[in-house]
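Next up, some structures in structure tokens.
Here come two complexes built around chain A, the first alongside chain B, the second alongside chain C.
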Partner chain A sequence: MSAHAHAPVGGRLVTAPFLVLAFLAAIALALLAGRFVYGLGAVTNLNDGYPWGIWVIIDIVIGTAFGCAGYAVSLIVYILNRGEYHPIVRSAVMASLFGYTLAGIAVMFDLGRYWNFYNLFLPWYAQPNSVMWEIALCVAGYITVLWIEFAPTFLERFGLHNAREKLSRVLFIIIALGVLLPTMHQSSLGTAIVILGHKVSPLWQTQFLPLLYLSSAILMGLALVPFESVLSALGLRRQLETGLMGRLNRVILAVGAIFLAVRLGDLLFRGALGHALAGDLQANMFLLESALFIGGLALLARQQARRSARAQFVAAVTLLMAGILFRINSYLVGYEPVNGTWHYFPSVPEMLVTVGIFSIEILLYLVFVKKLPVLAKHA
Partner chain B sequence: MKRRDFLKATAVLAAAAPATGQAALMREPKSMPPQAIGMLYDSTLCIGCKACMSACKEANDLPPERLPEGGEWNTGTWDTPLDLSPTTYNIIKAYVNGTRAEKDRAENGYAFVKRHCLHCVDPSCVSACPVSAMHKDPLTGLVSHDPSLCIGCRYCVYSCPFGVPRYEYNDPFGQIGKCQLCSHLLAEGGIPACCDVCPTGASLFGPVEQLKAEARRRLDAAPGTELEFPRGEIGSDRPTHVATVGDYQQHLYGDRELGGTQVMYLSGVPFDRLGLPTDVPDVGYPTLSEGVQHTLYKGMAGPALLLGGLVFLARRNIKRNQADDPLFTDEDTEPDAAAQKEEKDS
Partner chain C sequence: MDGELNSGIGGVSRREFIQFCTGVAATLGLSPALGVRIAEAATAPGRPPVVWLSAQECTGCTESLLRSTHPTLEHLILEAISLDYNETLQAAAGHQAEAARHASMKANHGSYVLVVDGSIPTKDGGIYCKVANRTMQEHVVEAAAGAAAIIAIGSCASWGGIPSSGPNPTGAVGVQKILTDKTVLNIPGCPPNPYNFLATVLHFITFGKLPELDHKNRPKFAYSRLIHENCERRPHFDAGRFALEFGDEGHRQGWCLYKIGCKGPETYANCPTILFGDVGPGAWPVGTGHPCFGCTEEGVGFTKPIHALAELKTVSPPTAFARIAEDKGQGITPGAAALAAGLGGAAIGAGAVFASRLGKAEQAESGEHADSGNPE
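Up next is the complex of A and B:
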């Protein structure tokens, strides 16, 4: 029998963290009401110099990169045939499910003319040259795929074995789609920057952005696994999966090395590295971003470290921060509007909405692991 | 897993990666539309009267704008915008330097610039828009916007290299606003309102080819001599404006920049002082972004191939390991039952 059966963690649902998270979510919803009554400007600091703010860059671009846990683990387990990671498939798919579903919802309140959103799906208005169009379709498709991928957990919980059996027969197609779609749109989130041209600093503007975005999304998805494993071990008093994580970290190291090689190689090839020493905000943010990538990977490079839970956790956090910063830098810090002095720093309500979105994600996580067979049982 | 599997899988994934030896993936640059019309704006002729601004408001039925702060004297009848906005499609801005002693001089001088959509030959806004709400007319090349399609994603705002399209953030039903070269007036046989009212011919409407020839004529004329400048529409029978030829920068802005624009500029001061980006490629940025997309997604062959490979690998690997797989094995499945199932399946 499968050595790692899954079971609901159980326990009380309404705990102190639960209430705090619910409160944060409620604030976000109240603020969003203001957005729909008075417009985007009433809640956000968006302007025509900075038409995309944290609701796009954090909620969507970074949120879906976090949501790459399911993608990255499926890739390793089902495509690269690394069966030993089976115990983490379910929780990884669930992390993706929430990351993507909430990003999908975030799109709806960021769109200025949301009531027209269905035009994205009408073939006669489709504009396939638009990177945005491709991302929208892929993300919508992937959210559907994720719910189907996660369905066995529900079916199991409610004892619908027949339905589950039927689903199992076609699941390989869904799993393949679940690898294809993120490969497409995670790279496209990088391509989306290319058209901004000279508005983005040479430290980030390159046609290699799709490859950089794809590899760093896989990196972040993978780093999320040890991160989540340590947190849930602490928070839900579960046993640590250090051994498995140690091996996973070798994969993280390899992916990170590919990212760094492309990143630095491209900068050298374009002769853009000089900008890194300009001493301005962009240059310093670039240095910080690079230091986080290199530091996180260096931590994992020592075999000793890969075995310690603490080092794994620190490395995972460092790499997640690096991936976050790379995204914020390439979309916001490295970007300069034309004509006029524009400023953007998210408003407090704008940030609270983002905090609310992530609170809902954690809230759902808690509910799901307590009520559904998501986490691996320990012998 | 076996090295061979790993290599196979990597090969499949490599199909998805934009592995390139070349420096740039480029789609063919777009060429000037056959019946391209546009505008020539000559900064040396502009006297900053802003007649074009109020004509634009009137022609497009846009409300006047008050200064954001102060301006108590202005009860709302004076149009005093500071920048382009969803309700200001056209604005005259002044470049000033030092003592501002002389017009059209970069140092200690000043100059005017008219800002609105340049109707790019290869427009970023059109390439960016996911729902075809930004549209470039295949014949005239005019770039128009259809709010009934627009989803308000503001990618056009983000991507326009000239900072033209604007969105109404303080309106729950906000929409995008930008100059559409008065297509509605053209349809009735008129000309763009701003060119119609321009007293000096600084804003001149006409077919792009003729406007380029006119620009050449001005650049070739000796500075300080007298020249006749057409007004309104090039080739029309309006009386001309006789003026002294300015000391031009020897370049027509928009002739090459970013693949060319149908609204072009002549100026006495360097173009970047007027806020026109000069350190730009001769092709539009969509050639680069679409270059990536077309390479990866040409006929969807790449993704289809990749999907085929993924389906194959997923199916095989699942069969091999099904008994162990949480997505496939029920918690209450007995060990031998799982083994049997696997047997049956393969």
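Up next is the complex of A and C:
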């Protein structure tokens, strides 16, 4: 099916970064044990005013936006039929695989009564009008789809060519689902804020949030590709993919321009832009977020810069930061519970769990690229 | 049946009467369609005779029947049944009343309904309650001999009630203890809900038999569920919100009364669902803020102290509940701030290091081919 050969990178598995990441993961697991014994209140700073903290916003909302790499690249390669990006599909799908699987697991940490989780999948309890239900089922479905989409890598590694052939014949259905499902739930993550109503500052609360969440998820997914490409090139001593990434950055620029046009146009149209100059935390965070979006895209606007690996990397990081801030701002900074004065700032254990989850993600990345044919084979 | 019905129901409109009968069907847990059959039976010409004996009682059961509005007691006794003997309601007195009772029992032998309220004294030959110079024990045994059905109304008749609570000076027992060889349908309560009695009687009139009974011979439609299960304050129990004394904050908020002795968790009755007095929601003991004292339940009402904790039949409250006072959350702590700043700093630092290394790597590669892509 693919004209591009992939190969395991090889090399020693247990390295210094591996050990550091494993240590961070172990801390997170120990803290999670405490969470399951003593409850959410013992580990997190969550309260009735802020029932969603960083375990939802970072681990799930941002984690799945990172996980949109596979979605965004599949969209370009399979829907827009741009085959030149095919060599990066597999590593992008793997980024999605980790992002989504860990987000799915992280949901369990944040659910107060996690043992009731299975009810979600019982059709007779389904509430199809619920945004949360749609997100949960879509994410669960997409995790399954991703593992099937990624399965050829395992089948190739273990020489199961027969099964690989059979899977290839039906893989297009899975790929189609893999493009459909994130479109649905990434926009629903925005809808989840829409239903919070006036609790969310006018700087973020808009009926366009579903579109903004979807387009910024695609933007983050795409930005993750050059980011990951550069890191793996430097970390695993591989060649830079500057040329391919340069062309991908044109797509990033286009998606980013659409996002920014809708974002700023909507603020202007609603007359909400005045809030940006209020000088408070929300206003300053909005300015920072917007500056990152505009800065990242401006960096890519010059053709010269798109050819430079360093500019690509800085732009990718800037845009990822912008997407992260947009999510944190719209869910946490711009959010104010109505009754009384509530406070939320993540506790130290809460942050360490999130760090641990991302450590596991990078750890798995290292194991997978070294042992499985994920990255494109270089000439 | 319209004309027949209208003449049979007196001052009530036809519509109201059918509504009442449908309501009775619902109380009995039957299909509303059977309401019409109940209406027909309640207006049929041959009204079943009823003999009502009052033993050691306070007339509370009769009083509560007087307060029923659908049907009214006068409709019941004048149109639906033929109340041939009842010491509170009969016009006759003395020998005349006794004669009427004996005449009815003789004429309707095997087909009348015997209703008893009040407990039966057994101590000292049962001399503590006598009518017409005979003990209640003798009256009950005699009347039961020709009865088609025997209904014990009220807790006293059902299991002894208040006269039987310690030290029980009269040796009071329920009707079943006297009539050991017969089925006595018990409608306990102090007083019982009049509709449980009316529904039972109308069931008997309509279908010619008594409703389904539980192991204590109580009609299942009324006594199969714990009060605790249908209580409107149950969510407070589950959430751990309890009134701890009368008039405290929890009591004023309408929280669960379990900790001030509510016996709802060990008492079987339908009080929370059919309520009392036809005045709408809240018209039952727990609804007004008083703990249920278990009047329908033998061994609970008049036996356990009102303040004593109920013995839970189903879920026990956990030893630790979620906090009632809401935690408003705390702001940023120095540790959290340091960690957040550290993580942010590490990310920016790592980014800068990578960016600078990237510059060198690029320079090294620029001599060769910078593009490793593979366009098709």
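Keep in mind that, in the parts below, the second predicted complex is superposed on the first by the 375 of 379 C-alpha atoms of A that agree within 3 Å, B and C clash if a C-alpha of one lies under 4 Å from a C-alpha of the other, contacts with A are read in each partner's own complex, and residues count from 1 in each chain.
Note that in this section contacts are C-beta pairs under 8 Å (C-beta built on N, C-alpha and C of every residue); 3 or more make two chains touch, one makes a residue touch a chain.
Every value quoted in this text rests on a predicted model; they were computed, and no experiment measured them.
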Which partner does A:V355 reach: the first (chain B), the second (chain C), both, or neither? second
Looking at chain A, does chain B or chain C touch a larger number of its residues? B
Touching A:R310, do we find chain B (first), chain C (second), both, or neither? second
So, does A:G83 touch the first partner chain B, the second partner chain C, both, or neither? both
Which holds for A:Y344: it touches chain B only (first), chain C only (second), both, or neither? second
Using the superposition on chain A described above, determine whether A:N47 touches chain B (first), chain C (second), both, or neither. both
Could you say whether A:L364 touches chain B, chain C, both of them, or neither, answering first, second, both or neither? neither
Regarding the shared-chain residue A:A233, is it in contact with chain B (first), chain C (second), both, or neither? second
Chain A positions touched by chain B in one structure and by chain C in the second: 3-4, 41, 46-49, 83, 86-87, 340, 376
Within their complex, chain C touches chain A through residues 326-333, 335-337, 339-340, 343, 351, 354-355, 357-359, 361-362, 365, 370-376
Per the touch rule above, chain B residues touching chain A in the complex are 1, 5-6, 9, 12-13, 16-20, 23-25, 83-85, 115, 124, 127-133, 147-155, 157-159, 161-163, 165-175, 258, 275, 277, 279-281, 285-286, 288-293, 296-297, 303, 306-307, 310-311, 313-315, 317-318, 320-321, 323-331, 333-335, 338
For a test of understanding, state which residues of chain A touch chain C in their complex under the given definition. 3-4, 41, 45-50, 83-84, 86-87, 230-231, 233-234, 239-245, 247, 307-310, 313-314, 317, 340-348, 351-352, 355, 376, 378
For chain A, which residues count as touching chain B in their complex? 1-7, 35-42, 44, 46-49, 51-52, 77-83, 86-87, 89-90, 93, 110-114, 116-117, 119-120, 125-134, 136, 149, 152, 156, 161, 164, 168, 171-173, 175-177, 179-180, 183-184, 187-188, 191-192, 194-199, 207-208, 210-211, 214, 269, 337-340, 373, 376
